[in-house]
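One chain, chain A, links the two complexes that follow: it is found with chain B in the first and with chain C in the second.
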Partner chain A sequence: MALTLIFTLEEEVYGLEIDAIQEIIEEPALHYVPRAEGVLTGAINFHGQVLAVIDLPTLLGFPGRERDHRQVVLTPEFKSLVLTVSNIQRIVKLDLTTLQPPPENTQGRAIRGVAELDEMMVKLLDTDEIINQLENQYGE
Partner chain B sequence: MRIEISYKFIIGFLIVVVSGVVVNLVVPHLQIPPEFQQFFSVTCALVVGLIFGSIFSRAFTANIRRLTSAGDQISQGDLSEDIQLKESRFPDETSDLANAMNHIQKSLRNLVGDIRGISFKVAGSAQNLSGTSQEVSASAQEVARTVDQISKGAETQAEMVEESNRLFKEVAISINLVAKAAKNVAESAHQTVETAKSGSEMASVSLGSIRQVLAEAESSSQQMYNFIGQLQRISKFVEVINGVAQKTNLLALNATIEAARAGEYGRGFAVVAEEIRKLADSSTISANEITDLVEGIRAEGQQVQSSMGQVIEEMESSREAVDRTNQAFSAITQKAVGTQTKANSIAELSVQQISSAEQITRAIDEIDKVVSDNAAATEQVSAATQEQSAAMEELAQSALHLSNLSETMLQIVKQFKLAEEDQD
Partner chain C sequence: MDMSQYRELFLSETREHINNLNQLVVTLEQEPDNREIIDALFREAHSIKGMAATMGFDRMAQLSHHLEDMLDGFRTTGEVPSPSVDYLLAGIDLLDGLLDDLQSNQPERAIDSFMICASKEELTPIAGILQDTPEEVQTIVAIEEAPEEFQTTVAIEEAPEEFQATVAIEEEVTPLTKAAPESDAFQVLVELAENTPAAAARGILILRELEKSGELMSSNPDMTALRSGTPCHQIQAWLRTSLTKIHIEEALLRISGVAKVRFIDDRRKDENSIRDEGDRTVRVRTGLLDQFVNLTGELITNRYMLNTATSARDWDKLTQTLSQTSRLIDDLHHHVLQARLMPLENITGRLPRIIRDLSRKSDKKVALRLIGAGVGIDRAILEELTDPLVHLVRNAVDHGIEKEGTVTVSARREKDLVLIEVADDGKGMNPEHLRQKAVDRGLMTAPQAVSLCDRDALMLVCQPGFSTAETVTETSGRGVGMDVVKEAVSSLGGTLEIISAPGQGARFQMRLPLSIAIIKILLVSCAGHPLAIPITRVQRTLDLSTSEIHYSGQKRVFHLGEEVVSLYSLTETLGLPEVAAGETTWVVLTEVHGRRVGLQVDHFLGQREAFVKRLGFPLNLLPGLSGATVEGNGHVVFIIDPQPLLEDRQLFSND
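Showing the complex of A and B:
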């Protein structure tokens, strides 16, 4: 059983294990970053640290949608990235034993697998994969 | 030497006597036989007596004859010649008679001349008179014609006066009708004024009611506005509650994350965090429900407000309509008052006109009388003219008669023969 933060994008439900989450913050002042493009939308000041802000919906292929006013700060293990998400729901216990491989069309989109929760299909995000993709894209 | 006839006779007688005596004395001395002496003396005395007698008588009768013939001439009207007796050395009473007859003849001549002259003058005057009388007669006829025309004119005048009278009576009737109509109009105008006033009062009452309703509606609208303002304040509170709930939710999420990181020690804390999250969620739900409710109330309130606005607008237009109605009533009242005043003045004027018309009728009656009098006077004039004409006729006839008389007189006077230079 793993505690997972779930949020929705359109009809899809995504899950993010809270082990990777440092803190959920509310409406930080977004600073403009030169040459920022694509999923990198800017930077914020978090307790004196400057953290890069990544737009997760864009990364997941849902650009131009609603965003939650809250953002998720990942643990230093995951480069302390700040993820802009949509519609944060709540923290649930997800039975990872029921995790099934992601469907074909979501391959390579940072989905670790799909778990079932109260007749919902929760797509569990693969944080490592996300970091990898970002490092591939921005070389850092 | 004047010797009277008696003396002449005496002288003649004496001469005869003397001659007898002389013859008696002479005869003895003559050679005449004495037997013839007596005879001779008587014969001589007879001869002398005859001669002297004849001479005397002849001289005497000649003058008498002349005088007689002169008397005859005078009696025949011949006054042309004076009586001339034979020149005598011894004029006597015959020459006195001749002188007297000459005087008479002269007087007669003068008298006849005067009579003739006067007759001429009388004839001329009579002719003049006749002419004048004819002129006067002609003038009188002219006057009669004129009078006739005047009479006809007077008749026409009388007819016209009658017509005028009739027309004026009709005018008076018309004026009466006008006066009645004006009175009716004034009455109608008065009723209109009353009606308009009551209408105006009703409109004022309606206006008052509308204003009251309008004021109430406006105050209701204001209340609704205030109510909506209150709702907005509730919404703000709800937002605050929502914000608090979201913050609580966030705190709960972070607390859960922290509790998970604390592992076994954080388990109780995680439960508390979960409970807090649930409370925050139900707060959010309640706040959202409140928001929905408030939103619904606000929408309904706004609808009510807009309905109220429409009502107010309608009320406003009603008020304007009633206002206009009121104004219209005022205008009607004004107009009707004006109409009433005018109709009243028309009625008054009509009354004045009626009295004027009556005066005119009276004046026309007077004129009628005058015209009648004129006609009568004209008839009198006509009669007088006729009388005058008749008188003139008589006068003319008299003049003619006079002329005839003077002519006759002239004829008579012409029988007298005057001196050659006096004859015409």
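Showing the complex of A and C:
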């Protein structure tokens, strides 16, 4: 069983494993990053470290503008990226042994697989893939 | 006894001794019967021998022993025959090669051929072969294998005093590469149960337990990471201990939360982990350390004074103590930076030897003058500076000096910068030739070339692929050109300037910041966003009235003396909304590829010192951002590098 933070994006439920999360912070001041574009929306001062803020809904291809006032700081293993998400719900226990492969129409969306929880389908985010996508987008 | 902790000390000291050997041999060549130099050479070789033997680096000990014997012979005869100088130098090169091997954790290269040459005692013909091709000799040497069973005959008491002082703490000496027989090294993998609360705290307990059972060599995560609260699920640790595994396992399993303990035996990995561990070292005078202690003591006292003043609500006292504190912090900052400084001679030490070899190869008579080699520079900068400096010196010999001349390498402080200059008294550079060459190479049109002032024309040599030498010579090779020097200097936040005229020699000036962690910045704002530009990137600031700005086609330009300077808007370059132009245009004068450009900003917010924070992913991938700094109010301000920003913009406008 893996503790997972779940949040909703439009009609879909997404999950992010707690192990990848360093902290959830309330409304940090967002600072201007010169020439930032796309999913990179700014930077925050996190205990003296300058961290990039990534807009997850945009990265996942959702056009909606609804965002949660809280932001998720990933662990140093995942470059301490700060993720802006939408509608943070709660932390649940997911049984990862029953993880199903991601549905066809979500390819390229950084989803590791789908787990079932109380008749809900939770799409588990693939943090490594998020970093891959950023590397592709900003490296060269 | 574990010698790994002395490894860095050994590497840096031996490098120094080799440097000294090189310098001494070059001097010796000029004064072959100078006894003092022969004695000094002997002492250097002796020091290397003692240290290498202590560390268990057999081949280096053997080779330095051999050199020492040879030098001892010269001491008796009182002079050094000139073929032996080449042989000595080849030996020193081989020592240097061995040190490189040790530094990169490779096995020491073979030295047999060199030693065999020596045993025949026919130095003259051999030296003839060795003369200009030490590299070749080394490649031949490397093919052969040295006998593994070579036993060092050098006992520890022969180690030079200063080194012995550090190793004498323990009596038993074990070479780094072999594990002590009675203790065993292995990797311990400790897994925590899933969802263990306060995992980091348990991690600390585990590391403490391991420390108790033997010598904890390294761990992942380590103590520092755990103290800062890094979550962990398993701990990998390298342990050297005489206790049994069962014993350790039992002790670890007593800690609550520990689910599983595994042991992995792998000697080879073990050695690597010891060797990778070594952090780079810098030598600090003990006087400086004492000052740290004193300052820290004063700061502690100050903290109590602040506490007292706060609880008494004594504002006068508070203000007074605060200003004292800030003075102490400035002082501490200054001293901490001092500790990072290393004298320039750390890299100029190689130059006499380089000049000697170059003179021979090019058949020119070149003298070297070193001025200000004691000037201190941040070690990080110094390391990056080695190659550019050597390149400039080679260039001076190759392209500057014609038959005979002097290369002067000088360094001096200029406010917050260090100026390092490589000057020659050779034929100088002709801006007119350079303009012509640029046109020939298709780098620019003839009218463009004519519009370049002399200063900019000289900087053309820093363009990639631009070369003034008609033929490529062996020494400079021209493979690594001035463009690489320019890039290296820029990446350190410095600037490069060339001063030369036909027949008047050439001076290559590198201006570098003293330290890279703290830099002076100019704060500007564009569309309401503050931005920082390193002062080293700013030539000056200007305020132009509307009438001073002209149009040349689509481009805005202004006059600066004789020069016509292009003006770009930083706001527009950053893709920010432009603010309607007022009466005055604020301009930062900077340099892009050796050409001056004006960068229009909305406001100047002033100069200050900034602690540079390195950027994490993916901010580090954005062009034109060299770091960030956090202001007193917690705001993040990015430090921009104008050159890549404008380059990007030009690419954009060409499309």
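What we mean here is this: the second predicted complex is superposed on the first by the 138 of 140 C-alpha atoms of A that agree within 3 Å, B and C clash if a C-alpha of one lies under 4 Å from a C-alpha of the other, contacts with A are read in each partner's own complex, and residues count from 1 in each chain.
Here is the rule we use: a contact is a pair of C-beta atoms (placed from the backbone, for glycine too) under 8 Å apart; a residue touches a chain by one contact, two chains touch by 3 or more.
The structure displayed is predicted, hence computed values, not measured ones.
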The answer to whether chain B or chain C touches more of chain A is C
### Message
Tell me the contact category for A:64 with respect to chain B and chain C: first, second, both or neither.
### Response
neither
- Query: Is A:90 touching the first partner chain B, the second partner chain C, both, or neither of them?
  - Reply: first
- Once the shared chain is lined up, is A:51 touching chain B (first), chain C (second), both, or neither of them? second
**Request:** Could you tell me if A:19 is touching chain B, chain C, both of them or neither one (first, second, both, neither)?
**Result:** both
### Query
Now for A:3: first (chain B), second (chain C), both, or neither, which partner does it touch?
both
Contacts of chain A common to chain B and chain C in the A-superposed view 3, 19, 22
Per the touch rule, the chain A residues reaching chain C in their complex are 1, 3, 19, 22, 29, 31-37, 40, 43-45, 48-52, 75-76, 79-81, 131, 134-135, 137-139
Contacts from chain C onto chain A in the complex sit at residues 194-195, 230-231, 233, 529, 531, 574-575, 613, 615-619, 621-625, 628, 630, 634-638, 640, 645
Given the complex, residues on chain B that touch chain A span 246-247, 250, 253-254, 256-257, 260, 277, 281
Touching chain B in the complex, chain A uses residues 3, 5, 18-19, 21-24, 26, 70, 88, 90-91
